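Two complexes come next, and they have one chain in common, chain A, joined by chain B in the first and chain C in the second.
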Partner chain A sequence: MIGSVQVIPAATLRAAATVVCHGGLYRLTAMFANDERMINGSFAIYVLFFSKEDAAFKTIKAIIKQDDLLEFPSLTPLMAAAAWYEREIHDLFGLTPVGHPDLRPLVLHENWSQGRYPLRKDFEPDSVESGENIDYPVPPVQGKGVFEVPVGPIHAGIIEPGHFRFSQAGENIINLEAKLFFAHRGIEKAVEGLSFSKALFQTERICGACSVANTLSYVQAVESLTNTEVPLRAEYLRVLAAELERLYNHVGDIGNLCAGLGFAAGISNGSRLKEQLMRLNERLTGNRFLRGWITLGGVTMDITQELVQDIARLLAGITDELNDLLGLLRDNDAFLDRVNTTGILPQQAALDLGVVGVAARASGVDFDIRRDFPYAAYRSLSFHVPVYTNGDVAARLWVRADEAAESIKIIDQLLEELPNGKLTGELGSVEPYQAAFSMTESPRGSNLHWLMAGENNTIYRYFVRSASYPNWPALTVAVPGNIIPDFPLINKSFELCYACLDR
Partner chain B sequence: MLNLLKKIMKTGCVTEPYDGGIVPPRFRGEVAWAEGQCQSCQRCRVACPTGAIGFSGGRLTIDHSACAFCGQCVAVCEHKALAHTGEYQLAEMKNQLSGKIKSILKRSLHIRHVDAGSCNACDWEMTALTNPIYDLQQYGIDFVPSPRHADMLMITGVVTRNLTQALTMTYEATPSPKLVMAVGACAAGGKVFGNSYAIQGAVDTIVPVDIYVPGCPPRPAALIYGLLLALDRLEEVRN
Partner chain C sequence: MVSNMEQMTTILISLGYAFALVLAAPLVSGIIKVSKARLQNRRGPSLFQVYYDLFKLLQKDSVVSPTTSWIFTCAPYIYFAGAFGAAALLTSGDLFALLYLLVAGRFFLALASLDAGSSFGGMGGSRELYISVLVEPVLLVTLLTVAARAGSTKLAAMSAAAASTPFSLPYIFAAVAFLIILVAETGRIPVDNPDTHLELTMIHEAMVLEYSGRRLGLIFLAAASKQLVFILLFTVLFLPWQSGGLSPVMVFFWLVVKVVLTAVALAVLETSTNKMRLFKVPGFMGLAGMLALLALVAQ
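Presenting the complex of A and B:
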């Protein structure tokens, strides 16, 4: 995917963005910076917009000359979705979004030595020492009897790290602040200068539960840059990998949701079904997270007729068992009482924050990359995109349940139609400083990887916007107004990755 | 309620005994080296993304704690000198447990998990240990919510700069005697993402580690092996 690119001076960014977004046809989907001083003497801010109706992308590239003030007009007052992207640009590049209402550090925490910007090209990693712990103010909620509940970054369960600060009036949550990026590994910087094939290894390890989605977005971006043709059989097997990933995630997440309200039979059945799917993954690829299957130009392993039968047999069993499990939930008033009307994300909030995936489709936003910007073999497959409008925990649950059933239908279809042929295509080469991006639909929503090539088929800049990125701020909108015992339930209904977000 | 009981009866008991699962043929376990085939071309060493392969005195060495079992060394070897076996029981104890710890822990173990910057794959495999198939509780082992209740810390991920303080505080909050397990290639080897401004390194650069469990991620059975090795209970469960 490339779409149109409009190059402007940074000072006019807000006006240009206003024109693109006029009428609400185009919406912000990602925003990041690039240090292009050694190419053209300037920094660049890239702002990506998409339109489902036009089936098109528009990119604004705002130029900040290196000798000018290193700042640009903030888009956050225009569109809330820009808030985190701009804080990240401020942290990593030292470019200031003027007029941003909240420029607390986001990615680099309090112990980072101030004035060092790791994604600039002249940054030297050896020069970093831990800085003095600066303040990280959390906006106070004041009033009689209001108190705070701090949770994390180490949680009580087996969960990734994040800090949550609840402001409470009794059981009622007034405000939730999420401080994340504890698992920030600096992967975007770590792969700079690596060849496309070397970086594949790190890409596959951005996130465990989204291994396939991240790898697929990355290889498709490289293939788009290098004009590589992927054989048809490989395109089908990539869809198989993506749908198996969606299926084990959704089935596991339905079980985990039951953990949010202590329904042991649900947890037990969900985790048992997930285990069966993880074992299938291991049979197919040698790794339970399907790692090592997708590669540049295609896939590494074929599936035999015997494995096709294995898949079909197991999925038939999963269909029945999942229906049993969902029956236990649908007929259970105590369960429904907890999930209905809990943790509502209003549709307008979902649109304003650029929310994607299950969370968006449960709030009436009918958008799915597989259908609206089809990739791999999706354009040859027919499937239904479930949409619910209540925006509550239940809606997110039913979206997942319906999508799991659709995934099984997609897999049946593609195994039926699996074309013969090669598994990999020859990778082409690319002129330095060309850029491309690719999007896939991960189990959590649209997953965008943007890539600029350096010399000799290496990476100059790599930017990853996972589905969890726009969805995390939405959690802090859905939670206030509920009681604190419902937080785990609401959190699990969004089921966001920390690793994908933090990178 | 009736449907619930029916479902429970229909499913029956699915729990597997120790080492009860199957290792599928495509599983990428321990990397085996055939000395006679090797031409010392070192392409495997160059291809290895985590620097787990070395050559010393004409012999190939593999640091399994750093290995991610990605298969790239096997793929580039033109002399068929490298192959993955199905072996996944690769956990290693750095020190044998002293009699004192053993007498305190006896047969039971309470674990606190610390994600120190993982991709969440190791975390999900730890969660899988509590599913009814592995049913970790059958060994008297369980996860607890607080380090103050724990005998062992299972740590996943390369230690990030942002999580270092929380990791050291959790370690200090865990009462002695305590065990520390580094779970997976990130925690045990620390080289998965190379050098980064945001990463401190393997877990043992921050806190002392007793047990290393290789894998990317280690399959649940490999984790159970590591836990029982730490408790010196392998003999008992095998019989």
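Presenting the complex of A and C:
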């Protein structure tokens, strides 16, 4: 997948982006930089736009010559979705988005030594020392009776680190600031120079709950670069992996949501069903997160006819039990009272921030990569994409519930139609400095991986935009106006991943 | 001299009861925990886990924030003393004295929650007082239904009156109201959630987040004791079968059965629903208040 690429000098970036986005057909999907000084003596800013109606991507590549001022006009005043991408470029490459309203550090925190940009090619990872703490101002909310409540980065449950700053008047939340990226691992840097097959192991471990989606995006990008033909049976088995991942995530998340409001029957049933699904994963692949199944050019393991029957039988049971669990929720006024109208994400905000996945489809944004830009075997499978318009906790819950049911149908369908054939195709070779990207629909939304090849089938630059990346800022839009005790519930309904940011 | 002796005996007996109650209270907590676990398809902890936890905590050192004052260090003792005193008053004391002791303990705990200056503590304290403002008037009206029949606020007289006319209409209204109070006072779903780790949703637990070690143990023990005091008030005043010439052993036996049944009922109640939105609590308490008023009028 490459799409059209328009190469322009960085100074005209804003004008070019305005032209592409005119009429609202194309929307910002991702934005990142690349240090191409070794190749052509310049930095490049890549801006990716996607249109559902055209089912097409447009890429703008803005060039910053290395001897010029290292800056480019910020797109954030035009489109809010660019805000995080530009802060990240500023942190990791030292390229300044001129006119950005908020250039506080995003990825690198206050104690990072200034003037060191880890994703530049001349950065030496071994020489990093902590720097002086710089200021990280959190915008204050002032007024009589307004309090600030800091929460985290260390939390009481077994979850990842994130700092939340609530400004509250009584129990009402006026503003929420989220500070994340506490555990950034530099995986994008670490895979530079590695062969495609070695980098696969890092990719698979970007995140636990989206292992399949991340791996699939990566291998598809590599296959697109190397013009590799993937056998049909492997395409089907990849969809099986992706849907099993969606299923255990959604079922687990439905149970987890109940923990946000203390509904014990929901919590225990959700975890029981999730456990059954994860044990199935383990039977299929030897790994509860389905790791090690998807590989470059295809899949590593086949499934037997006996396994096919076992999967179908288990999923039939899960369907019934999931319906029972959802029945407990759907007809329960005490439950509905908590989830209806709580944490509303307006449709316009979802569009402006480029929100993806469950959160988008619960706010009336009808967008699913599996249908709108199909990959693997999704082209030949028929399925329904549930969309709700209320944008509240309940809507996100019902989207998950419907998608889980839909996943089971997809799996039944593909097991029925499973074609015979080889499991892997031969990987081709690639000219240096070619780029390609791939997008998949993870349980949390569209997941984009962009790749530029170096010499000898290695990686020159790897960029990962997980589904959680555009969705985190949406949380801070949905929360204000609610009361503090409802925050955990709203947070769980978005079910955002920290590790996917900290790649 | 004789009356002095009698008073001494009464005091000693009351203290004995209070000790027994404090010793038994963690078991009741354990019964609730185990019942909840079974209802949720879990194996659950041992019935005696609460004792093990208390034993562990009471041996541990307590970490105290340097920004706190004497209130923080003293509050657990005052809270425990309140619960212990209430337990001692159960057999021979006065209703108002019992309630005031418990309220005094809560007041100091709420003060202590503000003392460390942490955000969760303040939220917990303010929510606890918000709930208690709703609970306490209803609690009084409910108990006055029984007191009116007895013509006295002495707990002994009240239990005798309750035993003589069990399950009359006003008592049933009052019993339902008291059950709602019981749920709120013991920090249970749908008002509070004792099992959550989500600080932002906590009420009672948020108040005591700063405590550790033996002080935390003391707070747990006091909360369990307070819970048993309320369960006993409920069983004695609103489930009164034990009168009618039974031997003391049988009276005690039936009391234990009723306490266990109430504990299991609490677990069922807690598993069957979810926590309500914080600002829906007044409506819930309003319901209890209406029932209590009806009971008083019917009386």
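The rule is simple: the second predicted complex is superposed on the first by the 503 of 503 C-alpha atoms of A that agree within 3 Å, B and C clash if a C-alpha of one lies under 4 Å from a C-alpha of the other, contacts with A are read in each partner's own complex, and residues count from 1 in each chain.
Just so we're on the same page, a contact is a pair of C-beta atoms (placed from the backbone, for glycine too) under 8 Å apart; a residue touches a chain by one contact, two chains touch by 3 or more.
Owing to the predicted nature of the structure, the values given are computational and were not obtained by experimental measurement.
Contacts of A:E282 after superposition on the shared chain: chain B is touched, whereas chain C is not.
Of the two partner chains placed by the overlay, neither chain B nor chain C lies in contact with A:E229. Within the superposed three-chain model, A:A265 lies in touch with chain B and with chain C [touch as defined at top].
By the touch criterion stated above, A:K274 is placed in contact with chain B alone, chain C being left untouched.
Of the two partner chains, chain C is the only one that A:E171 touches; chain B does not reach it. In the superposition on chain A, A:D337 contacts chain C only, with no contact to chain B. Residue contacts after overlaying the shared chain place A:G157 against chain B and chain C alike.
Contacts of A:E426 after superposition on the shared chain: neither chain B nor chain C is touched.
Between chain B and chain C, B touches the greater number of residues of chain A. Looking at the shared chain after the overlay, A:D366 reaches neither chain B nor chain C. Common to the chain B-facing and chain C-facing surfaces of chain A are residues 156-157, 265, 268-269, 272. Interface residues of chain B facing chain A in the complex, by the touch rule stated above, are 3-4, 7-8, 10-11, 14, 21, 24, 26-28, 49, 68-72, 75, 84, 112-128, 130-134, 143, 145-147, 157-158, 160-166, 170, 192-199, 216-217, 219. Interface residues of chain C facing chain A in the complex, by the touch rule stated above, are 36, 39-42, 119-120, 122-123, 189-190, 193, 195-201, 270-280.
Chain contact summary for the complex, chain A toward chain C: residues 147-151, 156-157, 171, 258-269, 272, 332, 334-335, 337-338, 483-488.
Chain A makes touch with chain B in their complex at residues 108-109, 111-112, 118, 123, 125, 128, 130, 153-154, 156-161, 181-187, 189-190, 198, 201-202, 205-209, 211, 252, 265, 268-269, 271-272, 274-275, 278-279, 282-289, 291-292, 300-301, 324-325, 327-328, 331, 497-499.
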